[in-house]
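Right after this note come the structures.
Two complexes come next, and they have one chain in common, subunit A, joined by subunit B in the first and subunit C in the second.
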Partner chain A sequence: MANIAEARIKREFKEVVKSEEVAKCHIKVELVNDTFTELRGEIAGPPDTPYEGGNFILEIKIPDTYPFNPPKVKFVTKIWHPNISSVTGAICLDILKDQWAAAMTLRTVLLSLQALLAAAEPDDPQDAVVAKQYKENPKIFQDTAKHWTHVYAGGPNRTPELDAKVAQLSGMGFDANKVRVALSSHSWDAERATEYLIS
Partner chain B sequence: MSAAASSSQGGAEGGTHPPGEEEQGESSAYYECNICLDTAKDPVVSMCGHLFCWPCLHQWLETRPNRQMCPVCKAGIGKDKVVPIYGRGCTKPQDPREKMPPRPHGQRPEPENAGGIFPGFGFGDGGFHMSFGIGAFPFGMFASTFNFNDGRPGPPPPASPQHAEEQFLSKFFIWVAVLFIFWLLIA
Partner chain C sequence: MSEEMKSQDSDNDSELEESDHMDDDDDYGGYYDNDTGDLDIDKPKKSDDPEYFEYELLEIEDVERFLNEEVEVLHSTLQIQPGLAKMLLLAHGWRKDYIIDRCKKEPDRLLIDSRLMPERKVTEQIFGNSAICSVCLLRRPQDYFYSLSCGHSFCGECWDEFCQVRIQQGVTTGIECMAKDCNILVPEDFLCSVMQKPELRDRYSQLSFSDHVKSHPDLRFCPGANCPIIVRAPVCKAKKVECSRCKTTFCFKCGIEYHAPTDCDVIKKWLTKCADDSETANYISAHTKDCPKCHVCIEKNGGCNHMQCSKCKYDFCWMCLGDWKTHGSEYYECSRYKENPNIANESVHAQAREALKKYLFYFERWENHAKSLQLEEQTLHKITSRIHEKVMNNTGTWIDWQYLLDAAHLLKKCRYTLQYTYPYAYYMEKSARKQLFEYQQAQLEAEVENLSWKVERAEITDRGDLENQMDIAEKRRQTLLKDFLEF
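Presenting the complex of A and B:
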């Protein structure tokens, strides 16, 4: 790893660890290995969003050319959001691409991701299915995002109706995660979701 | 998303160094390079006021040659638009210049020169002298009348090397113009 990248990550790591956001449990960074090339981030779902109360784990990979090029970040925790792939966790956020600037830090990246959870950009989507639902059926989107937050990110808000639908289809022998994706992508229409699962 | 990004960045500037919490004292944080976050080496400052090590900024500019912006505030930036900072302690021989290019030099713009802009485009030597004299005269009078405390040098006196150079350049361009017109006529 290039010298400047490692030296900077060490400084940033200290910076995040003693930042006030960490003190308030809003963000967190942990080392994955000794070489500072890979880190594990964590952000809390912002209040007054379907992600509230959830904890979202991020995989952060630091390239050799850091900070001249952005870190590679993706969601490990499954999440239902227009700008994050519900399948791979890949993120569509300009500062992680062409709008990156060398003065940005792990802390600003984590805070920007938190801001992304609070304000989606459906016109620049990563997951087209989610973005379509976000625009055309906000109520279903909210419930679905809340459901995913409860199941995958430990959010406290249950969605009993949706839980029941997942349980029903899972009872037919399908994998619960696949059922959840099928139902979420088909506006929780059990018939269409089943068709999708069979095909 | 850039709005959210920049707002959290704004927070970064305020929150990075909470008052009285920095190990080496608050003051050193002001002289940290915005890229490597260490005390700036070979420091330069951008027009927008952001401080960098020259090697760090140079590498940033090399990384994105077609979109040159300040790494902090995204204002326009460029190699010729940064000013080096020379502290008092840096008169000693500098550490060996690494493979990095040297810092850009400080700019020493020429003083404004009333007579120097169009030093006579009349043909012939006499015309040139005449218009230069007229051009410089009011400026000289203005300078001597009002600028008691201003150390700004006036236009170069006719005998100075700068004047000779201007005269030479002026003559040179006139000859180029003459040759060009001649070429147009015979072409």
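Presenting the complex of A and C:
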């Protein structure tokens, strides 16, 4: 690992640890190993969004050429969001691609991701199915995102009727996670979701 | 002595007489020379050749000199640094007059638009004699800091490392300031002042040279593999350029294979379409067909579309499997797609089917001529060995047979144009102009097939006939291009 990258990560750690947001438990960064190439981030779901109350874990990989190239970040916690893949957790965000600047830090990245949770950009989607639902059926999108936050990110249970639907189909012998994906992508229509699961 | 003189005199006399005759011969010679000049249909003439294009092939050094001259003009007219002049030229497509004009009217706006000056300069005051660099987060002495015109200061080490990373990623003239949301460009002299390693400067020069050539409207890299040639033309037109080094021919405007009479946008659309739909089309247009009369399976082994079944001797057209005799006359119907007139009233499904049918019609013909072109390449080889064989059997000399090679080359050229008439016709609206185009296309196609048939079978006695056919085919090609090649 290049000197500059390691030295900078070390210093950034101090910065994030000191910062106000950490004090309020909004963002967090931890080391995964001693080499500073892999980190674990955590962000809290922003208030007044379906993600409120949830804690989202991020995988952060630091390239050799950091900070001249952006860190590689993806969601480990499953999340229902137009700009984040519901399957892989890959993120579509300009500052993680061509809009990255060397003067940005992990703190700015985490804050930007938090802002992305609060304001999705459905016209530049990572997950086409989610983006379509977000635009065409905002109520179902909100409920689905809340449900995922409860199940995967430890948020409060605000959608018990959706839990019941998942339980019903899981009772037929399907894997609960697969059932959730099937129902989420088919507007919680049990019949169409079953068809999808069988095919 | 006198005897000798006399004989010399008489010799002189006779020589004089002879030279008179020679003069006459020369006149005839001159006449024939002119005649062959007329026959030399391959030679482009400026006035009436629709494909005529003025260009020159340059080496890298020539282009460097040429670009430096352009920079020099701006440098001396505006009294600005050569480095700045170069960046302005790059940002505005080397339009000198435009830059000079704007520089006189609104110099600040020009610099802002060229990403050389910020809208607002930031004033990052460094208190005391040291500060923290926001990239490496280290405290550095004040004189370690450098900034571009935008005023964002970073330490020299970070600038150095940053420039290295960007150059290794292939970015040179587009390197921007390291600050967030700042797009001010890093000039070459700044880069050289912060970069410690001289090795990367060579790579920088190579890559930035390539950026400069690509941004210049009059220059084009030869697309041939590893070819160092750069083409310069006074005007950027979709015309044919042939590289003398690697023999690649290409369109000057878009850099892909030459495509007259179709224009750059249309051919791009067509090629994308073909790439997308090729699976279906390939499946449908198989490489073999059955003889329409005796149904024996026939594989096409030459470029000519005039087929003769080796079993039943039936002459037919490979394209439409119709009787060849109906093709030979002035109206060659095979190249014309007949649209179903009632299509507007049909269902969406039927319309889709009709659209596919139309596409396949043109694609099949495009693909068929492309394949024929490849086969003409084989024909060329066959002709060479046939000439060798004939000469060995004392049937004419090598020179007698050269016309056949000329004919084969011309055939290739005509078939090439013919191939590129199909995308053109596909995207044409149904109109009188399209009818005219298809008529001319049909005429060209008929003559190309005639030529192809004759080339494959020519004997030494056929020279006159073949040369006549060559002339007709080339005239048809020229007429079509003259009427439909834009610009």
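Here is the rule we use: the second predicted complex is superposed on the first by the 198 of 199 C-alpha atoms of A that agree within 3 Å, B and C clash if a C-alpha of one lies under 4 Å from a C-alpha of the other, contacts with A are read in each partner's own complex, and residues count from 1 in each chain.
One rule holds for everything that comes next: contacts are C-beta pairs under 8 Å (C-beta built on N, C-alpha and C of every residue); 3 or more make two chains touch, one makes a residue touch a chain.
What you see is a predicted model; the values in this text were computed from it and never measured.
Q: Based on the shared subunit A superposition, would you classify subunit B and subunit C as clashing or fitting together?
A: Once subunit A is superposed (C-alpha atoms), there is a clash between subunit B and subunit C.
Q: For A:Arg8 in the superposed arrangement: first (subunit B), second (subunit C), both or neither?
A: A:Arg8 contacts both subunit B and subunit C.
Q: Name the contact category of A:Ile60: first (subunit B only), second (subunit C only), both, or neither.
A: neither
Q: Does the superposition put A:Ile84 against subunit B (first), subunit C (second), both, or neither?
A: neither
Q: Who wins on subunit A residues touched, subunit B or subunit C?
A: With both complexes superposed on chain A, more residues of subunit A are touched by B.
Q: State whether A:Val29 touches subunit B only (first), subunit C only (second), both chains, or neither.
A: After superposing on A, A:Val29 lies clear of both subunit B and subunit C.
Q: Kindly classify A:Leu93 by the partners it touches after superposition: subunit B alone (first), subunit C alone (second), both, or neither?
A: So A:Leu93 only meets subunit B here.
Q: After the superposition on A, what does A:Arg107 contact: first (subunit B), second (subunit C), both or neither?
A: Only subunit B; A:Arg107 stays clear of subunit C.
Q: Of the partners subunit B and subunit C, which touch A:Val130 in the superposed model: first, second, both, neither?
A: Neither: A:Val130 stays clear of subunit B and subunit C.
Q: Which of these subunit B stretches, 78-86, 114-122 or 168-176, gets into subunit C when the structures are overlaid?
A: 78-86
Q: With the touch criterion stated at the top, can you tell me which subunit A residues are shared between the subunit B interface and the subunit C interface?
A: 4, 7-8, 11-12, 15, 65, 67-69, 99, 101-104, 108
Q: Okay, in this complex, where on subunit C does subunit A touch?
A: For subunit C paired with subunit A, touching residues are 134-138, 152, 154, 157-158, 161-162, 165-166, 178-182.
Q: Can you name the residues of subunit B that touch subunit A in the complex?
A: Against subunit A, subunit B makes touches at 1-2, 4-5, 7-9, 11-12, 15-16, 18, 21, 34-38, 50, 56, 59-60, 63, 67, 69-72, 74.
Q: Subunit B touches which residues of subunit A in the complex?
A: 4, 7-8, 11-12, 15, 18-20, 65, 67-69, 93-95, 98-99, 101-105, 107-108, 111-112, 115-116, 119, 121, 124
Q: Can you list the residues on subunit A that touch subunit C in the complex?
A: 2, 4, 7-8, 11-12, 15, 65, 67-69, 99, 101-104, 108
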